[in-house]
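Going in written order, the chains are labelled A, B, C and D, and every chain counts its residues from 1.
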Amino acid sequence: MPIRAAGTPAFDIVRLAHVELTVSDLERSRAFYVDALGMVESGRDDAALYLRGLEERSHHSLVLRLGEAPRCARLGYRVRSEDDLDAAHALFAGMELEAAWVERDGQSRTLHVRDPFGVPLAFYVSSERQPRLLQSYGAYRGAAVQRIDHCNCFAARLQATYDFYAGRLGFHTTEYTETEPGPDDDAALWAVWLQRKGNVHDLALTNGRGPRLHHVGLWTRGELDILHACDVLASTGWLGAMERGPGRHGISNAFFLYLRDPDGHRIELFTGDYLTVDPDFEPIRWALDDPRRQTLWGQPAPKSWFEEGTPFEGVNVDEPRLQARPVDMG
Amino acid sequence: MPIRAAGTPAFDIVRLAHVELTVSDLERSRAFYVDALGMVESGRDDAALYLRGLEERSHHSLVLRLGEAPRCARLGYRVRSEDDLDAAHALFAGMELEAAWVERDGQSRTLHVRDPFGVPLAFYVSSERQPRLLQSYGAYRGAAVQRIDHCNCFAARLQATYDFYAGRLGFHTTEYTETEPGPDDDAALWAVWLQRKGNVHDLALTNGRGPRLHHVGLWTRGELDILHACDVLASTGWLGAMERGPGRHGISNAFFLYLRDPDGHRIELFTGDYLTVDPDFEPIRWALDDPRRQTLWGQPAPKSWFEEGTPFEGVNVDEPRLQARPVDMG
Amino acid sequence: MPIRAAGTPAFDIVRLAHVELTVSDLERSRAFYVDALGMVESGRDDAALYLRGLEERSHHSLVLRLGEAPRCARLGYRVRSEDDLDAAHALFAGMELEAAWVERDGQSRTLHVRDPFGVPLAFYVSSERQPRLLQSYGAYRGAAVQRIDHCNCFAARLQATYDFYAGRLGFHTTEYTETEPGPDDDAALWAVWLQRKGNVHDLALTNGRGPRLHHVGLWTRGELDILHACDVLASTGWLGAMERGPGRHGISNAFFLYLRDPDGHRIELFTGDYLTVDPDFEPIRWALDDPRRQTLWGQPAPKSWFEEGTPFEGVNVDEPRLQARPVDMG
Amino acid sequence: MPIRAAGTPAFDIVRLAHVELTVSDLERSRAFYVDALGMVESGRDDAALYLRGLEERSHHSLVLRLGEAPRCARLGYRVRSEDDLDAAHALFAGMELEAAWVERDGQSRTLHVRDPFGVPLAFYVSSERQPRLLQSYGAYRGAAVQRIDHCNCFAARLQATYDFYAGRLGFHTTEYTETEPGPDDDAALWAVWLQRKGNVHDLALTNGRGPRLHHVGLWTRGELDILHACDVLASTGWLGAMERGPGRHGISNAFFLYLRDPDGHRIELFTGDYLTVDPDFEPIRWALDDPRRQTLWGQPAPKSWFEEGTPFEGVNVDEPRLQARPVDMG
């Protein structure tokens, strides 16, 4: 049983707050995220575009920065208080991991660190407030993206990555997949969904060549907003961006559509999970060979969906400890 | 039993094709119909605005013409062929009703007539073809109106009006409301739904001060497009335009929202009726005192909805033969 | 240009009214069509199950009859009047095609014929009336199928089949696909959509081994009823029945889900087409190599969808005149 | 400015977990909540019915107990840990408020208290686990209620009630309405929305005769589930249960439908709010005279909605300190 008891977290993470990606053409990225998916532009300069969802009052949940190759530059998390930020610094510095205070546009005092596997993270309490457009219905377009929901990462050392996030950073497990135990093997953790904000996930981890970003999940109001996005994408030149779906995952109960943005970063439009705040919440276990885990219904995922991902800036990608079988990834 | 057998119609009407309304400010009308409801502008000049729905390839289904007072200038119907048009001319001229050949922008050879009650009608076969925007999903806005569906009129002489439209013009009855027979009275026809194109109605007639236009029905893809229109209207300054609904009528099974345009013309956003093409289709009878007839569910209609309507240009409004009781109108 | 001018039809067909399929287990078929898809049982005996949609007042739109092998036993059409029925008899008898008067449960006087390619057809005016359950919302289940919409058939001699249905039976063309003309070849008709009831089709014909039934199209109220059907099918043991979709066709604008029933008959759940009653309606042409024709968006169709179909009872299947290329079928 | 800084809460409340109502006929209540609204029966005995939503794994979120008059017997909250439960006991006992340990079916160790205004509350950590039916889509009926969301109460001493819940129990303010300050008056708090679980509310308080329960909010997946509930209620004998809506509140952005259950308890079917977990979340202020506060759109609420509520068991109802003006309540 690989789901180990969590220790006391050193500080209080509120939620995944933003993801920073490098892109090659800000105009083209804007056409995809703003015109087709309906995100809101909070700001831009020569080097970057700052986007948010319609309900978000934070300055940005997606930062698109010009870069030479498509990379995930950073995953940003909100923490509860400035004291939590100091405790975060103490934890990472105490583990002799990279940890530095930085200034960032639109964010309060910000701590940049790398996790033990090299993934660049940001922690901060608050951000510059933007007008909430939740009730500006005349401005709704495409998928009418409401907010960032989660990120999903390949991890080459899945159990160790899980131990760090669940045990040291206080993430709660909601669902997980494990291999069947064999005569010589214990069951091994294959994929796991972890949350801080009270729904199914802020962070999911999947066994695979890593660390790499598999996708960023963006929340929509319901299934019809995702179907409308399909219609809009297909009729405005973005048909090639649709990689998988629409369909429903058994895990998380998500109704999903996976897209590849102009630089190949994978985006999930996502709706339909559930509340997980109860203290007696018991994680849901899925067997690796249960077909409903990946796809409650929907067409099979293409090979690209299992294999391709975005490397993190400045970190090498390793082969996974557990041997990947494309047929049963997820 | 007031639903009398229809005679052989003199000519073949295809469907309600357009409605022409007078308005006081083309820009303001455009803001309502195009920006908020999502209709498409086919053309305009100093005096008029020509609109169509997203699936329509005809030049216009709604003509808004500058005028001194809010009037319905004309109801336009398509007929099957030029021969039908000639037969229509013969019928109206033979009844010594006004009947004249005219030229109209975007329409083929057009016959203008008045029905026996003074209502100005147009008949024509075809119209100038416009691009179909059905699959231009990036252009969908507001209610994403797909097409014109029907018009609903007050008639002061309801049985006679019904006899003309069903008996002489070949309209088929789909649903009707009649009063209960009393010791001294037969049941009387109170309201009736009539179709040519195969769904519930092209024309509905209701007992009341008339002739007046009660509303123009515009077809949407489903309930959520109407709810999105509510959100858009409420957040872009058109809250006052919402007169009744959303709700569902028992009659026609329509999910509806009634609006008043900037000049007070009533528009129904409408979805959810059914196919009526079968030769053995039997009209559905509703008792006047059946509350589900008017409202399967939804808040009660305001007084204005029962009483107010748009006069037709150049025709006097008479009191109805049957005494109107606001409580049971519809 | 293979879309030839239609002659004057000999009689007036109203719509596709029912399809009769042979099945191996009535209980299992009932579980699929009634429990999972939400159709209504109108009647049954030891040999057959009679089903209809929620809005239908006709006795049946789908007849499932016990049989040794999965076959389409007959396609049934409504005609306008008893005179039309006699004219139909005269036409088929005059062409020395099989034509016989029969008695059938729930149908008025019925004519059974075979078309020139052997397909068994029924014609009749009316059927035994059943309660309409359109407003019995408490009984809605699964896809809440509202009515039969169309059938789609493979034709080995497509141009000749089209000429018969459009030229002799009065079907109107709404959309069609043709091959590109080459140095030695004219453009050839590859697939065509034909209607009588005023939407995109009652009958579609596709080049292929035939005659065979490709699918029966059942109409739903909207996209969410089809997504709910996906959820219900996947969680009640029918995941394997989902062959293709959900997605949207370019042709017809249909939002679709293709299923295989317990005997392998293909069913399309379908919503979202448009009105085609105008006399100046101009058919929409699609090039065979236009990918949006088949799939405006959605995952690629599996090989089975292109190749498999239900033979008609008592008729041989021939190879198509035009060589089938699976990649561009549809 | 009546929104005062919160003190450090004595214990950690997770969410509103259940509401207990007295009813006169368990069968009739079951017909309403299970058959029409789609809740799930977890258990029943001669005296009570235990219900939950489709995603809930807790034993019950609604307890309906036979009683002589319609009362709200208790509001139940989950707390984080057994230590929090002890801290809760210490807080209430220290304030010389009623506080007693009890055993309750399906709940872990339970603390029953009364708040300073007499409202009976329960606190407990966990409950007996039930199967989650979230993916049992074949069992979805009516509104397909997913979970309990919040309760809304009239408070006669609104500022004091707010001070207790925000200041002592740690509830976070998300939105509030206040009166305009006058020459002799400060602005006064009129209504307030308070949360623990991270969306808009677990508890809302409104100035009025109190303490009384205004309504229990039940969460649905989206607008169409609520519209389907309207159709089901209207066609299965529950039309009279529909008190207000559907419509959308400005406050909370909720799409709503208000129902009165067979004993007159008010239920809100509810969807469409937003995430509130950020530490820099700033409550949204509404002016009492802003019409969009109550109704972004929708028909006006009836008088009953402003005035009627369910008394709590064993507590007197007082007149509000602020004079109620029905026109601007909410």
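Descriptive notes on the structure:
Basically, a residue touches a chain if its C-beta (ideal position, glycine included) is under 8 Å from a C-beta of that chain, and two chains touch if they have at least 3 such contacts.
Treat the numbers as computed from the prediction; the structure is a model and nothing was measured.
Note on connectivity: the fewest steps through touching chains from chain B to chain D is 1. Among the other chains, C has the CA centre that is most remote from the centre of chain D. Centre-to-centre separation between chain A and chain C, using Cα means, comes to 44 Å. Mean C-alpha position of chain B lies 33 Å from that of chain C. Work out the mean CA point of chain C and of chain D, and you get 51 Å between them. Residue positions of chain A touching 2 or more other chains, listed in rising order: 135, 223-224, 231, 234-235, 296.
On the chain C side of its complex with chain D, the touching residues are 35-36, 135-138, 140, 224, 228, 231-232, 234-236. Every residue of chain A that touches chain D in the complex is listed here, in rising order: 14-15, 55, 57-58, 78-81, 125-127, 129, 134-135, 146-147, 197-198, 221-223, 250, 253, 272, 274-275, 277-282, 296. The residues of chain D lying in touch with chain B in their complex are 223-224, 227, 230-231, 233-235, 239, 242, 244-246, 248, 255, 291-292, 296-299.
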